[in-house]
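Next come two complexes, and both contain subunit A; in the first it sits with subunit B, in the second with subunit C.
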Partner chain A sequence: MTKRAAIAIAVVIAAALTPSPSGAVELSGLEIMTRVEQREIGKDERSQVTLTLITKEGQRRERKLLLQRQGKADRKKVLIHFLSPADVRGVGFLVWRHPGKDDDRWLFLPALNMVRRIAAADKRSSFVGSDFVYEDVAGRDVGQDTHTLLRSEALGGQDCYVVKSVPKDNRSAEFSSKLSWVRKDNFVVIQERYADKRGEDLKLFTVDRLEVIQGIPTVRKMTMRNLQTGHRSEVTYDQVQYNLGLKDEVFTERYLARPPA
Partner chain B sequence: MRTRAALVCTLALALSPGRGFAEAPGEPPVPSAARQTPKEAVADAEGTPEKKPSLLIHGFLQQNSSLRATRPVQLLKVESRLQLDLSQKAPRWGFLAKTDFVYDPAAVQGSSAHVDLREGYLTWHGRSLDLRIGKQIITWGVGDLIFLTDLFPKDWVSFITGAPIEYLKKGSTAVKANYYLDDWSLEAIFIPTFQRDTFPIGEKLTHFVPFPEATASRLVLPPRTLANAELALRASRMIGGYSTSLYLFRGTDPMPSFHFDPATTTVTVRPHRLNMVGASAQGDLRGTLLSGEFAYYDTEDSAGTDPEIANPSLNLLLAAERVLRDKRTASVQLFFGDMLHHGRYEASLPTGFPRQRQLRKTVTLRLRDSLRRDTFRPTVFLLYNLDDQDFFVKAEYEQDLTPGTWYALGVNLFGGKFRHTLYGQFRGNENIYFTLRRAF
Partner chain C sequence: MRERIVGFAIKRPRVTLAALALVTLAFGIQLPKMKSDTDPKHMLPATSPVRVYNDKMEAWFGLHANVIVLGIVNRDGVLNPATLERVARITDQVLRIQGVIARDVASFTTSDDVLARGDSLYARHLMEEVPRTPAQLAAFRKALYENPMLVERLISKDGTATAIYIPIEATANGREIADRIRAVIATEHGPERYYLAGDPVARDTFGAEMFRQMALFSPIAGLVMFLALLLMFRSLTVVGTYMAVAMASVIWSMGALIGLGLPVHIMSSMIPVFLMAISTDTVHIFNEFFFRFPETQEKRSAILQTMRVVASPVILTDLTTAAGFASLAAGHIIPVRVFGLFVAFGTLAILLMSFTLVPAVMALMKEEKLSGLLGKEERTQGPTVRWLQSLGRVAIHGHRAVMAGGLILVVLAIWGITLIRVNNNMVTWFKPHSELREADRIMNDLLGGTATAYLVAVARDADAMNRPEVLRYLEGLQRDLEGLPEVGKTTSLANLVKRINRVMHRNDPRFEAIPDSDRAVAQYLLLLSMAAKPSDLNSLVDYSAQQANIWLQLKTWDAVAMGAVMDRVGAYTRTHPLPGVEFKPAGIAYFNKVWNDEVLWGMVHGFLLSLVLVFFLMVADFRSLRWGAVAFIPLIFTILLIYGFVGFVGKDFDMPISVLSTLSLGLAVDFAIHFVRRFQQRYRQDPDLERALLWTVVRPGRGIVRNAGLFALGFSVMVFADLTPYITVGAFVAAIMLLSSVATLLYLPALVRMFPSLARSPTPGDSPPLPAVSNQPGVENPSPRANR
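Moving on to the complex of A and B:
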């Protein structure tokens, strides 16, 4: 077990042993965000994702992809195959996350029947042209930020922790600070507000639809808005299934090169 | 020169967006999830997988034109292409038939109208074994426009005249078996009949002709016998975070020899046997993608005494790729090719013939970017042969228009100090090309 994993488990155990949010003792910012990262999301998942990019003027661009995941946080493997539009149909993308080091990434180009490794991404770069950046999708380590619990407040009738996260290394993120609204009952982040390096509003993330599927609170629709450009990206997750028993071999070049029909 | 120029990985996930209209964004809403209490999704109407059609029909319509940019200014192609891609997939088996219908009144080579089966194969997937039988694109190695272990057929005319990069590769009619054992992936490919590369011939594309007095040419392909069938083996696995492969190839060298008979003024073009042993590794080192590839060519002229046939050689490729900022990516490659019996080669070379150096060195650079939400994708590729002093430059700009529709505008430049070198011979073929594709 790595040191990081041990710390994460210790934080979760410590948090579990503390009185409930309604009790006298509140969790710390780090404990809250660790529980967010470590919350139960199933051993694996398969879902069909629709990513819609919407300009300030309302023009829409849509792409669909099949997403398969194994593990979570910094020990996650993700396999993506694009289903549409037609010119990228079958293109595959495989990511292995590793604790404390750069991700391994593979790309499959069906027209060339070619699998190749690709360089580690700039984690601040846009994910397929959307308002989400690469690390929004792949995940950002809790330990990269300093987390402070600011207050508790209700958002849309739900009790939430409001946690401020500031990157320890200013160059490691596109934001200078982030406020997260974390539901107290299930530790799902339902809103995030990002500030840029000048401290001005940058982006707003909202969860628009949340359901429990197979006992797991599941985001079915979420939106990331760029507050400076008016552009936004909506993501919907359909046909969500957990704990399918996806084997390790699914997250290899063999299945990367075998796009779904 | 035997540089196995290679394949660009336009990593651009051509993630073309759609166009349409929706409501203008208003004030950021309160997340509705905050107002919901999660409830068990008993029946999710959208959770039912969509019923897929039994037969999928896809493809594209494409216009690809190329104009020679030097005198005589001339259209090298005005090609219209319809690709129909029929496929059916079941968990265990499937098939694919990808057929191109092509019309080009300015065709560089061949007829103005033709039908090309790009790929057509059956697949079968077992627990540990995958089979693919039929015409299929096969790509090996880690190089970017430098091929060492990939000896499968290529179309250099399409490449030179600005076709989309996938048309550099031609299909091989083959039986391919992949077996997966623990962390190992074993691939065996059987190709009954050698298929040669497509090289420039004729008048439209200039290229070096060592025998100007030749009046005729004769192509002699290996007889279609089992002994001349090609066999390729690859074993791959991850080692220490690096994707590593070992390669074996027994077949025919795609680069043929040219023999001139002064009595008949005829050039005989003849491919020769080639055995290859190779290895490659590719992986991340602190955010930089490192690649290495090695290949030893055991040619038919193993003694190295016939200057018309390639000498045995050792070939090495080293490469590094890194994302500079956002999606701007730079890569550099170094290639070294060592002719093993250079002394014998020189001793046997007729007087006056262009002489190859023992050690050949090539450097390439690529810069690519993806801008405006991945809808603008510029890329520049530079290749320079240090010994032959020739070069190749490809600069391209690709833009998405509507969902599934994109165009590309690019330029291919060739040059060099000598006419007989790989890229020096193409001086005069500099061209500007345009591609418009609508996929469906």
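Moving on to the complex of A and C:
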């Protein structure tokens, strides 16, 4: 068992043993972010994702993808296939996260019928030209940052923790600090504010629509805006289904190279 | 009206002076609000099509108009741990500077690279860690030189130079950021040398230098003129008056300009110098007064007579000068317009002061002091007068030879003018050994070129830029343009696609080519959008793949270089048509070319307009077409000679030179007007043609020569300035002054002598019959005294 997993389990157990989970005892920043990472999101999931990139001038570019997921946090596997536009249909992207070591990533380009492994050295690179970086899609380990609970406040009528996260290794992230607004009732992050290395506002993440599907609080629409360039990316999730019983073999190179019809 | 103003000034001199001082103070308190603007973009109005397109284009491709380039050179090669360590440290510090657009800074540590090892793709920063072992260094070197997009951008071919490209916010001051970067560099101690180049540095350094130089040289020029004037007039009062008129007009016009919220541009920074050259009325007025006073021995009537005699030429010269400069407002170039209008305003202020401040000062002068002064005057005029007499005799008696010589010079000048090269290059506004110019030269030697232009391929249909044949066309066009000596590196989507194709095929050099299908290109672009910074891709192709951007790095800031590029693009697209795609230029180098052309044509246009205007003003004032034409000749002669000379010495016809054309017109016309006016007055009293001519050459001629010598001296000081436009202006104003004074004193008498009928034509000037003047020393002149 890795150290991080051990901490996570310890935190969850500690939280479970706490007499009043609604917060008679104040949680620490780390506890809150661990709960965020470990919250129940089903064994697996499939959804149709629409990613819209919008420039400051209002030019739009839309892409549809099929997303399949198994597991969560640092044991997550994600398979993405592009559905549109036509010229990139079938392009596939597979991620395996591993506790305590670098992710495995593969890419499939149907035009060249070619699968390539992508060495995951840089997690800061943009996800298909959007304002989301790879980490926003695959996830970032809780242990990479130092978390401090700043305060509690209401946001959009919801009681939230405001947690400040600072990367332990300055070079591991594009931001110097991040503020997260975490809902106290379900531990869903509904807003994040990133500052760049000069301490200036960099990006703003907002959850625009949250629904409960199969008992799981599910983000249906979210936006990441770059506050410096005015560029923004909107993501909507449709046909979200949980606990489909997806087989392990779905998350393999073979399936990656066999895009949905 | 004029008489009443003068009358008041004489009657209430102190009130007049106090009122003028108050107005001057009102303008003066605006001066501290001064701000400068040296952005060449602001040469054209924000609504001009070039600017509008350029702004749109920069938005489409996420480009930054202002990029500072920091060159780091190590003669033993930059690919060693110590130098790379420094590059990493400096980059890290630069990212923290306010005003730097950190996300798009390009350096070894911030640029992304995609490379292949076996079946794996690596997308990461070019230099994640500083390579230390020989193996790591070799791998890093390989990664750099294998990627054609990096060679001559981040690494020179010989490995001795790298660069950090630092885009800055539009509102940031390039020089201030350059100073911060210098402070960062100063903390590094190694064998490396650092060079700062790029448009914002040049521009803002120039802006700062401009004020420094003006603050230094305006007073020095003023001091030199002060001393020369003192030597001529031996009177602090006269010199003080001239200085007061010049200063007041400068304060009025600069105060008005700044008060209206306009920024001071390179052009308007020269307003003080121009006004100092224009405010010569004082010299002419005092010159006349010192002749007049001994004749009347009564101050008040001497002043009135003086003012009456000089009124017509003073008004005419000021109006023509003002008209000449105001006509610059007809052009499109905003700083030129501002410059023209405010010089015109300053000229009118000078005119006003000639009839208020000057007579008021004369009224305050003590009569006994005046008499003493005049004694000194007499003694000092010997050599000048003798010289002028011989000049006059040569002109009158040798008029045929003089005319023939003039014609030969004119022919030569016209030949010289045909050799003129119209060009503008901001970097050459600095001296050859200045830090900035050296940085520019070294960077152009080692890297791809410091001047950026863009060529936007615009297709009718979306996704056109994914088509292999379009990408291959871009490649062909780039190769063709790189054949031009002025063009350094070019970069387009074609380079990026070729690069990724090779990487995807296990780095096999045979795949350094455009793939054969649209889908493959589209999928590569998708991959790139994941593997690299969004800006790497977005700067080359727009969202809908309908437009692609070819980056051109030019090795020179010459406006003509961009002209050559555009001609080449035109020729290529004619011989290799690509239906559905057209090419549009943009970027700072193109911008410089556009405003260069606009400035030139604006100036030529304004110059011709003011030429016509001046001609009609003279004809109207002389009430004679023929006199107007004759007075015009020394003017044209001077201008032809000056620009012929420009052509022969191979000096580019650039912005400073083109602005001088209008000034030369304004200055040269002054002398001709004074000469003709005074000759006409004299000839009515003394109908002996040769004698009247000689008198004019000697007496008003002395004022002309003094005036010319004085300003030539004052302006020649500017030759020691650090910025070439000021050197140019200084040298040329001096040359114009001397040449036009000699041309006037030589060619007007020769012309009149050649066509005596001219003199006899009726010339009812606006002056009433004149009080006569006394004998001029050295000139027999038994003219009768007229009485008032």
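Descriptive notes on the structure:
As a convention for this text, the second predicted complex is superposed on the first by the 254 of 261 C-alpha atoms of A that agree within 3 Å, B and C clash if a C-alpha of one lies under 4 Å from a C-alpha of the other, contacts with A are read in each partner's own complex, and residues count from 1 in each chain.
The rule we apply is simple: contacts are C-beta pairs under 8 Å (C-beta built on N, C-alpha and C of every residue); 3 or more make two chains touch, one makes a residue touch a chain.
Here the structure is a predicted model, which means the values were calculated and not measured.
Taken together in the superposed arrangement on subunit A, subunit B and subunit C clash.
Legend: residue contacts after superposition of the two complexes on their common chain; A:198 is shown touching subunit C, with no touch to subunit B. When the two structures are aligned on the shared chain, A:72 is found in touch with neither subunit B nor subunit C.
Comparing subunit B with subunit C, more residues of subunit A are touched by B.
In the superposition on chain A, A:140 makes contact with neither subunit B nor subunit C. Residue contacts after overlaying the shared chain place A:228 against subunit C, while subunit B stays out of touching range. When the shared chain is aligned, subunit B and subunit C each come close enough to touch A:61.
In the superposition on chain A, contact of A:35 is made with neither subunit B nor subunit C.
Of the two partner chains placed by the overlay, neither subunit B nor subunit C lies in contact with A:164. When the two complexes are overlaid on their common chain A, residue A:102 makes contact with subunit B while staying clear of subunit C. Of the two partner chains, neither subunit B nor subunit C is touched by A:81. In the three-chain model built by superposing on chain A, subunit B overlaps with subunit C at stretch 541-549, while the rest of 19-27, 343-351 or 541-549 show no clash. Common to the subunit B and subunit C contact sets on subunit A are residues 53, 56-57, 59-61, 82, 85, 87-88, 91, 93, 107, 109, 111-112, 114, 116-119, 121-122, 125-126, 128-129. Of all residues in subunit C, those touching subunit A in their complex are 59-60, 62, 95-96, 98, 101-103, 112, 116-117, 119-125, 128, 463, 466, 504, 515, 517-520, 522-524, 526-527, 529-534, 537-538, 542-544. Looking at the complex, you find that subunit B touches subunit A at residues 7, 9, 11, 13-25, 28-41, 44, 46-49, 52, 56, 58, 60, 87-89, 94, 125, 130, 136-139, 142, 165-166, 169, 178, 180, 185, 236, 241, 243, 282-284, 286-289, 291, 321-323, 325-327, 329, 331, 373-375, 403-406, 437, 439-440.
Taken together, the subunit A residues at the contact with subunit C in this complex read 53, 55-57, 59-61, 82, 85, 87-88, 91, 93, 107, 109-112, 114-119, 121-122, 125-129, 134, 196-198, 228-229, 231. Residues 53-54, 56-63, 82, 84-89, 91, 93, 101-104, 106-107, 109, 111-114, 116-122, 124-126, 128-130, 155-158, 160, 181, 183, 186, 188, 190-191, 204, 206-213, 215, 217-219, 225, 227, 230, 232, 238-241, 249, 252-254, 258, 260-261 of subunit A are the ones touching subunit B in the complex.
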